[in-house]
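Chain lettering (A, B and C) follows the sequence in which the chains are written, and residue indices restart at 1 in each chain.
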């Protein structure tokens, strides 16, 4: 069994941002030399997400509007979590909807993705340094 | 390490449909000959889902109603994504709630599921051919 | 490839409860002797969840309020599933939001978690015995 472990760093310009990372993950699969296996990609922070969906800017706008409706940022006093001095109660909930992680099959040395599947880092409390873990296992 | 990779095709009669696939996955586990390992089952399309829940028709009705409340199909103009000519903005959001994938343990040559756990393909923009990936790894 | 399979039992005092299980999972990783691999932790019941987030009581209060808003327990008649005699239609939906499972990397013999990541068992229809599956694979 072969293994590759890598950490990707993010520091987004905005509080909320969706960043396509498919190519960076593909490069790591190549680097691993693994032909058949699994690739775990997960946010290491609890106000961020890794998810798979479409790379379409209208849809990304819809995601942000929809999440804001489900878990509004304001008023800050809406969330008991924010009594700790944080203002990111909403970000914990938004990331829960979007998911912490994806597990992707590796087949014949490549990410085995459908035609429209793209991997994204979803940031909901940005403008600080955060990490994503990539763990690739297989033969 | 042994590996099995298979693709299941779906073409649902209705726009939205929940299809039980537990037996098809169990057959693939048997075919793989793997006794101890992991089984990844994921939608390869971003308006469909693979999830685990109860095989109870009332609950499936509840899921559809609930998702329609959280991400209504109409009006189509509700979603910026639909400016691309699509009418499936809602399906991207519904699939996000239900999840892209499940990872299931294989123990003693079988899917290690709880008493009520059943695996479903969740279609939210159907009536076209779509795939599910099954990747089984282990010894 | 080495494998460890364990089942953790829960019987919560309240209908809804979030229980931190990080240490129990860490102990199982140690017990497995696996240095590099993957750790799957999943609820085996469809009204319970395993998820990763912050160990902060205000946030846990927010989670419960938020889930109650998205999928209210009452009136029981709200859910067709409850026509079966159950009163847990809401719990199936709440667990869907929170997720069935997490997959965690094992690096250098330890759970490779971010600074605030803690693993939780989320119970939404408790006061009965339920199980969580832990499957650890690697070298």
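Simple rule for what comes next: contacts are C-beta pairs under 8 Å (C-beta built on N, C-alpha and C of every residue); 3 or more make two chains touch, one makes a residue touch a chain.
Because the structure is predicted, anything quoted here is derived from the model rather than measured.
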Type of chain B:chain C copy interface by residue overlap (half), same or different: different
For chain A placed onto chain B, the superposition rotation in degrees, Cα atoms, nearest 5: 120
Length of the line joining the C-alpha centres of chain B and chain C, rounded to whole Å: 20
In chain A, residues with contacts to at least two other chains: 1, 38, 70, 97, 99, 103
Footprint of chain A on chain C - complex, ascending: 1, 36-38, 51-54, 56, 58-59, 61-63, 66, 70, 97-99, 102-105, 107, 112-117, 138-139
Chain B contact footprint on chain C (complex, rising order): 1, 3, 5, 38, 40, 42-46, 70-71, 79-84, 89, 92-93, 96-97, 99-101, 103, 131, 133, 135, 137
